[in-house]
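In the two complexes that follow, subunit A is the common piece, with subunit B as its partner first and subunit C second.
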Partner chain A sequence: MSDSALINRRGGALAQLSDTLWRRPGLLIFLLILPPALWLGIIYLGSLFALLAQSFFSIDEFTGIIQYEFTLKTYAELFRPSNFDIIIRTVVMAAAVTIGAAVIGFPVAYYAARYARGKWKAIFYLGVMMPLWSSYLVKVYSWKLILAKEGILNWLFETLHLGGLLNAYLAIPVIGGNSLSVSATGTFLVFLYVWIPFMILPIQASLERVPHTMIEASGDLGARPAQTFRHVLLPLALPGVIAGSIFTFSLTLGDYIIPQIVGSSRRFIGQAVYAYQGTAGNIPLAAAFAVVPILLMAVYLWVAKRQGAFDAL
Partner chain B sequence: MHSDRAPLGLKIAAGFGLAFMHLPILLIFVYAFTTEDKSYQWPPPGFTLKWFAVTWARPDVWEALGLSLQVASISTIIALVLGTLCAAAVSRTRFFGREAISLLVILPIALPGIITGIALRSAFNLADIPFSFWTIVLGHATFCVVVVYNNAVARFRRVSGSLVEASMDLGANSFQTFRYIILPNISTALLAGGMLAFALSFDEVIVTTFTAGQQQTLPIWMLEELVRPRERPVTNVVAMVVVLVTFLPVLAAYTLTRGTDTVAGQGK
Partner chain C sequence: MTSAIRFSGVSRHYGDVKAVDTLDLDIAEGEFFAMLGPSGSGKTTSLRLIAGFERPTAGEIRIFGQIAQGIPPYKRNVNTVFQDYALFPHLNVRDNVAYGLMIAGQPKAQRHKAADGALEMVALGGYGDRKPSELSGGQRQRVALARALVNQPKALLLDEPLGALDLKLREQMQEELKSLQRSLGITFIFVTHDQGEALSMADRVAVFNKGRIVQIGAPEDIYYRPETPFVADFVGSSNVLPPEFVAKLTGKHAYGALRPESVFLAEQGHSAMVRSVSFLGAATRVSMQMDKIPLTILLPKGAVIPKAGDAVTVAWSADDLHVMDRT
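Up next is the complex of A and B:
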């Protein structure tokens, strides 16, 4: 072995650069992180702060011109009954969608994690992945087909001679409406359908980690299946459920397309943001509305972190 | 063995969940062939292949598709570069601001899309940037980074440091090491991440409505048709094709990363 290979520096600018990077790992990290940090820092955070800053401006009620002075007036407007209703409605919908997704998603996740083997494991996996990655608009569109007055759901109710039941349900105020496609129930179903894969994957991830000897031990100790579920399985799966609920809750809070296509004329936060920044030209109020989901999610994430939900992501 | 048999109730509940997730999409496949063109009548009065020819001859569909493919390709390339750089830095060492960087990458997808959208739009307005092809790309690349990052960071952690050191000991410089050691090790993760980023961008509508001017990507075209239906059968056919097209990259990404500890696509 010749010493010269170790002593002689390799020639060429590229090689010298290479040596420098090897000797100074800090510089390498800096160079690696610079482009993504600049991109996200300037384009994304910059825009986000510009938006937040605008929420502290206000709009002159008579001229409609934005006044660039610091004020909390715009935030106060959020608490006007018409605006506050929008916030409450959105939060209730997000909570309902989250609970619905957990109830329907849990058995799928549990079966996939505990019982599915080999071919069925793959089928279950793709069975959740495919809807997750399918086009969002196509999924919404499919429900427009289903919920339409002449569509399959009404046809099904008529064929089973249950049309009266459906009409009685639609007559209930708040959740009912003229037809399913313009009712809050319709909006709920579409939200549920579109976001449910986001709930199943984290639950499945947390259930995969539950040793099945624990379930057996619980049974051996005399617990009935319901008790095992309540006292063993659910506490262990809870971080996964919370992780999933972060997605379903956040996604429902910010959506403005689903309630626009399927639902009543009562607005959600996303629609309010969209309407205020668009035709109304009231950017400050739109910005203030946009802060609501951010704050709600910040609180939600803080609670979730305390429950250890991030380990299940 | 008793414990390996699922209770009947669980089977039914799991089957119901899967059916709930799949039947609505399958319904679109039926509607693409219906002869009815004024309403969403069920059951379809008859079946025809006519609408495929009609859709094929529509220039607006082709333009929207072309734009979507271009935007998705360029956004994916940007996301691949930025996501890989970020993953390389974060997985390698602990440094000041590391947590902040990983949060920053996830933020565009963790916050509701409407916030990303309206933030970008008001920033473009403030900076007097006219809406164009590039403003769409700017938005898409921003939230695509996280998909590539998630895939790459998991793989980087598994590339053992001794491999890199061995390569350097044998006389390769950093760039050769990257080319011949690191890249082959992370290539499938990058490919999977890239495909998912492509699928994400191809399908994105919420941010795009804020960052596009007059241009129509395919999702924007579909949104228009959903809000103000003009020719329903054409929408049905486009919807079916979109489902089939997104099916392929997801299946490919799954196949590429199957058997590793983190399968691609979980964190959309």
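Up next is the complex of A and C:
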């Protein structure tokens, strides 16, 4: 054969397929993208739009039957004081959890990215990921025991003769309560514990990409460590912080189990959605509530982009 | 002249690794000083000791007479041009250059004016609004230079600043750096592994090996009068002749250095066997074996070029064989 010098002949259908895909890279990408695109497009986005559509219907207050007519009445209901309080409470909690997670998570991520090597890096990943391996419910109930009046935390305060301090803190309205396990502070602590890996890992990934000479250059140009943090490290790590905050913020916005187990009887958005679509059968209002976190996240990302949070990406 | 940087018995050990080993060094004010050596020889560590990124495990460093011990980098009146330039990717070029002045608390208008002036000086006027990622390697290098110089440091530390540039750009930047240093009159301390760069730019060169300075002197001294076989080989790629051979020629039992361009093909002399021939453009490099001694010579354009496997006779003038007293 004259072309045997160029072409290494290996026949078969699979080889034919490989050749075709090699010649048409677009086709390969299309085939790879198709299943996830169908999944996202139909099942995920489809249900999202179905939800959005539901929120524009209303419920007949006497019969409890859903009226399939376009109305903004359900959205107006969100602004009733009792409902609006739920939204404010949830947003404040989500913001507090996000800030708390960022403040605690950043030094951990910094240590892991900058100093941990070999064995210590493995221990770091294990330490951060291990809580994710155990059941969410087990973790939350464990925290209920830790925070209960008979729990270890209360015992620790009493032993250190700081019981008065804890009681004074719990006497503060809104964030306090009968014990930590039935206070908003307790809810905050559990949220913080459960979601913090989602803050640490993105920050760590973004810090890994900051060359060490960048920090040295800043110091070389006269910046004290605090100034280097403010002007170099934080802006460069900001995409990671934003990514982490998207997790902690949206996960807190949507959760309905933690506040039900640990915390006061004041409801969060997730609980409202659960109650309205379940026992109350008010699907439109539940849908309207569910749209709130989506809108909040959209606004949050838009503001973050406007502030240049993704410039360093 | 006053001393800009003085090392007295400075060491930097990492466990068993002696990155810098009891180093003594005196760099004069206004000098263009090159630290030359292979990677891992301690030259970059020495530079980082001056900048304050590393702390000596022993010894004393004085910067313009002041003891540097315990003074953090951000309080030292020296600035560094990093090997990877370390430009801040989230700031535009102007804010990168103005960074030191911003930290020093200069108002925005004033520091932007100074930054534009510094960019002008490195021939990058009008590039202030671009991001570092939009610049070429050579331009980034100039921005790094401007960012350091705008702070008017008393000494500028350059860590292989030309390493990432292509040959033509590198030669151009060498000349520019040299003239910049002359016009500014500040001390430049330049780390490089490229002997040509060190020889062409510096007033004085320190050759590093294994954490110590092997030889220190003017480029001509280093090149023509290497004191050890290491310097002869690393700096000039000289042929190092063993003591037995040198003893037969000169009577002195010591290593000898012979520059490749000093050897020529002759009627009479030492017989050798050609192993390989490489055309370099301006000259041709011929590697040969003279008894058991490997010998590399450079033949100028126009000379008769032997082929691999040829038996040839080589000679050199007696002055060109430099006898080294140290090993």
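Throughout what follows, the second predicted complex is superposed on the first by the 252 of 313 C-alpha atoms of A that agree within 3 Å, B and C clash if a C-alpha of one lies under 4 Å from a C-alpha of the other, contacts with A are read in each partner's own complex, and residues count from 1 in each chain.
Rule of thumb we're sticking to: a residue touches a chain if its C-beta (ideal position, glycine included) is under 8 Å from a C-beta of that chain, and two chains touch if they have at least 3 such contacts.
As the structure is a prediction and not an experimental result, all values here were calculated from the model.
Of the two partner chains, neither subunit B nor subunit C is touched by A:Ile175.
Number of subunit A residues touched is higher for B, counting subunit B against subunit C. Of the two partner chains, neither subunit B nor subunit C is touched by A:Ile66.
In the superposition on chain A, contact of A:Ala223 is made with subunit C only, not with subunit B. Looking at the shared chain after the overlay, A:Ile43 reaches subunit B, while subunit C stays out of its contact range. Applying the stated contact rule after C-alpha superposition, one finds that A:Val273 touches subunit B and leaves subunit C untouched. Look at A:Ile196: by the touch rule set out above, it reaches subunit B but stays clear of subunit C. Of the two partner chains placed around the shared chain by superposition, subunit B is the only one that A:Tyr110 touches, whereas subunit C remains out of contact.
Within subunit A, the residues touching subunit B in one complex and subunit C in the other are 216. Listed in rising order, the residues of subunit A touching subunit B in the complex are 5, 10, 14-15, 17-19, 21-22, 25-26, 28-29, 32-33, 35-37, 39-41, 43-48, 50-51, 54, 104-105, 107-108, 110-112, 114-115, 124-146, 148, 150-152, 155, 193, 196-198, 200-201, 205, 212, 215-216, 225, 250-251, 253-257, 260-261, 270, 273-274, 277, 283, 286-287, 290, 293-294, 297, 313. Across the complex, subunit C meets subunit A through its residues 51-53, 72-75, 78-80, 82-84, 86, 88-90, 99-100, 102-104, 147-148, 151. By the touch criterion stated above, subunit A contacts subunit C in their complex at residues 211, 213-214, 216-224, 227, 231-232, 235-236, 308, 311-312. On the side of subunit B, the complex with subunit A involves touching residues 3-7, 10-11, 13-14, 16-18, 20-22, 24-25, 27-28, 31, 39-43, 81-83, 85-86, 88-89, 92-93, 95, 101, 104-105, 107-108, 110-116, 118-123, 126, 138, 141-142, 145, 168, 171, 173-175, 196, 199, 203, 205-206, 219, 222-223, 226-227, 235, 239, 242-243, 246-247, 250-251, 254, 263, 265-268.
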